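Should a chain be cited, it is by its letter among A, B and C, assigned in written order, with residues numbered from 1 in that chain.
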Amino acid sequence: MPKKWLFPDDRFFDPDPLQKKTALEIYERIRALPIVSPHGHVDANLFADPAAGFGDPAEMLVLPDHYVFRVFYSQGLDLADFGIPLRSDSSETVETDHRKIWRLFCENFHLLVGTASYNWLGHEFKFVFGIDEIPDRENADRLYDELVEKLASPEFRPRALMDRFNIETICTTDGAADSLSAHQAIRAGGWTDRVRPTFRPDSVMALRSAGFRLEIERLSNASGIEITTFDDFRAALVRRREFFKTMGAVSTDHGVYKPAPKRLPKRKLEAIFARAMNGGADKSDEKKFCGHMLMEFAEMSLKDGFVMQLHPGVFRNHNRQIFDRFGADKGCDIPVRTEFTRNLRPLLNEFGNHPNFKLVLFTLDETVYSRELAPLAGHYPALRLGPPWWFNDSWNGINRFFDSVVETAGLYNLSGFIDDTRAFPSIPARHDVFRRALSNWLAKMVVRSFFGMEDAHGLARLLAYDQPKAIYGL
Amino acid sequence: MPKKWLFPDDRFFDPDPLQKKTALEIYERIRALPIVSPHGHVDANLFADPAAGFGDPAEMLVLPDHYVFRVFYSQGLDLADFGIPLRSDSSETVETDHRKIWRLFCENFHLLVGTASYNWLGHEFKFVFGIDEIPDRENADRLYDELVEKLASPEFRPRALMDRFNIETICTTDGAADSLSAHQAIRAGGWTDRVRPTFRPDSVMALRSAGFRLEIERLSNASGIEITTFDDFRAALVRRREFFKTMGAVSTDHGVYKPAPKRLPKRKLEAIFARAMNGGADKSDEKKFCGHMLMEFAEMSLKDGFVMQLHPGVFRNHNRQIFDRFGADKGCDIPVRTEFTRNLRPLLNEFGNHPNFKLVLFTLDETVYSRELAPLAGHYPALRLGPPWWFNDSWNGINRFFDSVVETAGLYNLSGFIDDTRAFPSIPARHDVFRRALSNWLAKMVVRSFFGMEDAHGLARLLAYDQPKAIYGL
Amino acid sequence: MPKKWLFPDDRFFDPDPLQKKTALEIYERIRALPIVSPHGHVDANLFADPAAGFGDPAEMLVLPDHYVFRVFYSQGLDLADFGIPLRSDSSETVETDHRKIWRLFCENFHLLVGTASYNWLGHEFKFVFGIDEIPDRENADRLYDELVEKLASPEFRPRALMDRFNIETICTTDGAADSLSAHQAIRAGGWTDRVRPTFRPDSVMALRSAGFRLEIERLSNASGIEITTFDDFRAALVRRREFFKTMGAVSTDHGVYKPAPKRLPKRKLEAIFARAMNGGADKSDEKKFCGHMLMEFAEMSLKDGFVMQLHPGVFRNHNRQIFDRFGADKGCDIPVRTEFTRNLRPLLNEFGNHPNFKLVLFTLDETVYSRELAPLAGHYPALRLGPPWWFNDSWNGINRFFDSVVETAGLYNLSGFIDDTRAFPSIPARHDVFRRALSNWLAKMVVRSFFGMEDAHGLARLLAYDQPKAIYGL
């Protein structure tokens, strides 16, 4: 007999009866609040065409989710057997029978036990698709058929789920030169303005990348500004931000290795940009240029009001063999130690006191929670702390975050929850875990008399809903 | 209706009934022990004049407490509106109506919820001033009037509170050239010898500071030794320590950026000192000089028996704009990563095995608790670990400390509690939080059978009272 | 009246009644599983002679255990008074009356309260030797006599305890040139093949050590290969590994300061090796050589199937005074910050995807658990995370480990428990603490509905027994 998902209504809460009762009481008032998702990686095309769907079960739950297939890979399974697409120039082949891929997924599903993904998938199976069984070797085919049938029905189309999930706003992530055609289609169709783009110009900061000049050309074309100098480049970015704003964008996002903003003198800047345009920029050029651009982006935000988001400290594509076969985003991005106190100072000194600027900070290095981020957020008016990100967006991760930052930063300097996912059906699961963790943490404080229930109810709503809306102006 | 402070007698303890009962039993025996406060920043002038008072409510609770107003600043309020004094050369003005400041404080008091300061202030309102209400917009004026009345009565003078708080000893922090006139007045008046100075020579180590030569001149005058060479300088410091000793001092304190003691050859030392006297010392000079001086101070401690306290790892005045307007200690000091294993080695190798030397270490970098500090304290006889400091002097901070260090360092290598505050009325609150956290942690161990109640009672008293007395020789 | 060891059957578990019941239920099924100990430092000579014993109580419990006497040292007691052997060239004397040493140990035993050693010793007293009393000044002599009597009886001989402890396999740690004579004797005597050597070639990587050439000579003799070039050196190591394999070895171990494998070009490598053979290698040579050798050892493992264990990040012999008097392993090894993401990349890129290679990683730097090790283990198929090591092999240490790594790495990428001790009688205590901590943690997950009891039972067995057997091929 297959095992069934547990998911009782009091799941995840600490077991002390009084605390659990308190947590449930707090949770009851926030569980059904609309979802605000100001940062993530869902594909806007899902919503552009009213008839668009998720594909088959493997296409929906396995192929796009590197959180999941990395665990199978770590246990000796080959990504090719999961049908992970190869790089375009590859002569290898991968599994194309999605039912086979699904079977492999189900057979190995137990390897995920204890991970955050296991929870999210459980929520999706049980509450999104109404499937009580935990996948295994025996039920793989049956689950596949059941999911295929459901996914074919109108109520499982992305637009329908958007309503069912009660998503008030969802922001995508888009390149600086992106046409935002999907966003245009969504708006043109008059369906909703709840899907918004986000300006993420990382690719035009990768001076050493083989594709840099192509990126600049794309930026030129998109902005209508011919880019030959740094000033052109900057003007093109500003122009694009204006366009993004007309499409509903409220923020930018920056995935830098080291969060070290620092202005360069104009002369050096032009020289580096010229070298980059000639394909001759080196590592030091790129580093300095990225540092400078963070200052520019903050200055642009001051003018156009875009919230600036920083996601630093990841060694991307750590496993060259996987990168060479499959490309980026295959579960081999590994965090590195990150320093904020000294690194962020130039930006915070120039912009951190300004009422019109908002910087939302993320980290994968939990050691900075109590040492650097909470003291910084407890001082600079422009700074808000994003929630636990990526690997730390988990039950224990969220608990560690609250335990480490609140006593120093307070609760009003936190951004509230941001899901940052590319797996659309997992969004309600992620928000539910956060709301439960938040309720549990507040209950912990209440039963210890740090504050009362009236405060707890207000703070729960603040971090689950009001605060992200307010910070991002949604 | 205003909200009321909760503060039940079993506050903060974990909710499991058996553990809470155990914690209360442990706490009952230590709650009323006298307070020993071997390190802090209370102004000795509060006690010099028997008639001295705390001023009005804003002067007592808002203006001096950067732990508090930094949170308001982080939420977009201006420090000028809180009447925070400007730098002397400023042409700006700040709010001078203290009732208005108080109203602003009360209106925004809810922003502090969840912070350590919220707890301490609650304790002060409820137990020091007998005010049950949590400040808000409505009760601001009423609370102001009530506090003004109370603060005017003799029982709220500092000397009276010293008795009511059951403070057995309190140590202040004083510059190397300080006349200790307040201390002299206290002793001359025959009131008590419970107020003691602490020797903190940081300002004469700041070689690059504009005021360095003035500091040296003050040191010359205070010591009666004309300082032209390093040897003079050292002799003057020794002379001053002798004087501090006659005034009751038992320890020194050192706030260095990096805890990296290392001896310099005599020739280099003299050269650096000469450059400093001529206003030509650079960053590297200062760094080396501070490193050397830590060795000298340890050597002096070996002779005069002063406990050496080290508070490293803070980036002071991180926000230049605030520093330029208001000066130092305005809530913008941010911790940095700190290394002890390699850095402290020269000092520990030269002095760490000596029975006549005691070094009490503090850190704002919790990552070193289990990795470096506990193993070091579990080995070197001269080393004792100070309690969680500053931002980490909080309920969760204290819990993390015990959980991280005890299994490696044992309990006898901890210094016990040290409040390190400049907010005199918060002293009982801080000691009470520590005593509760200690009791709760010991109860956690007892109900898990790591040791029994007899041990727990002894260890509670050890860390709440006996150990700081013994280490500092009070 | 002396205090008695508590050690109830539900010891250490969290007190919530439901969780404790669940933990006990999980623990009951794994408590009696055989012990597999794939890495440690027990002396094989204990088992070579059937009549070998542990000596007197001081020889068994005090003299070899630097976890214990370091705590006494930290409180001002002299190691000489505990009879710790001096370096061979010393003119000092140490206490030789073992009864006196035992008394000192008992008088100061309370200083250990709260440490991991206190627990382990309690388990040994109560369950290995049937002694209910906690040592103190009063019972010291009585306990000494009782232990002497017991240790004289056949049932307390190492071989007898091996059976009573239900140890299925125990691996020792042996130098590259070791004759493994004790292992030969054990096998020749036909008693058992449950004692296996481990290949630890650290001493032949210490290029700057005074004894380096002697070590090479020993390696030459042991391998029968005359070593003049690096190729000879490498061939000798391969030859020795072959011999270790015939004696039952399944793994190698490497105690490097920095886990930074990186290949050197052949020419540089030969030059460095030549300098080392002439006694002229410098710090940089040694560092590069060690980095290169880690790559070589991984390559050898790929061929001979030895599991590669890495124990990095310790500043050995931090206290020069103690090292000069007593030598190595005297409780003054202090951890340092350790970086894995960037450092390990060359090795993981070359070998980390290979199904025939297994790397078990240890660390004393807990900050890398969630940031680096869990993401790495959740991706690379060759990587498994060793359990909390040394100072972190403690109740809270184990809890922090599970809380930090599982949600990212899953449970199948952990190695399960490895005791790493030189104190043979403490082995059951250490495994019992781990099994309890594991059961408690799994119960925590079960009562929060992260997974069910069937999963918990399977995972408990996996990490207590099956997984180390499988990884090490035992």
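The definition used in the following text is that a residue touches a chain if its C-beta (ideal position, glycine included) is under 8 Å from a C-beta of that chain, and two chains touch if they have at least 3 such contacts.
Owing to the predicted nature of the structure, the values given are computational and were not obtained by experimental measurement.
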Interface residue identity across copies subunit B, subunit C - same or different by half: different
Angular offset of subunit A relative to subunit C [C-alpha, multiple of 5 degrees]: 120
CA centroid of subunit B to CA centroid of subunit C, Å: 40
Residues of subunit C whose C-beta touches two or more other chains: 16, 367
Residue ranges of subunit C in contact with subunit B within the complex: 3, 6-8, 10-16, 70-71, 73-76, 110-116, 118-119, 315, 318-322, 331-337, 364-367, 391-392, 394-397, 400
Of subunit B, residues touching subunit C in the complex: 16, 18-19, 339, 341-342, 345, 348-349, 352-353, 355, 367, 370-372, 374-381, 383, 403-404, 406-413, 445, 447-452, 454-455, 459
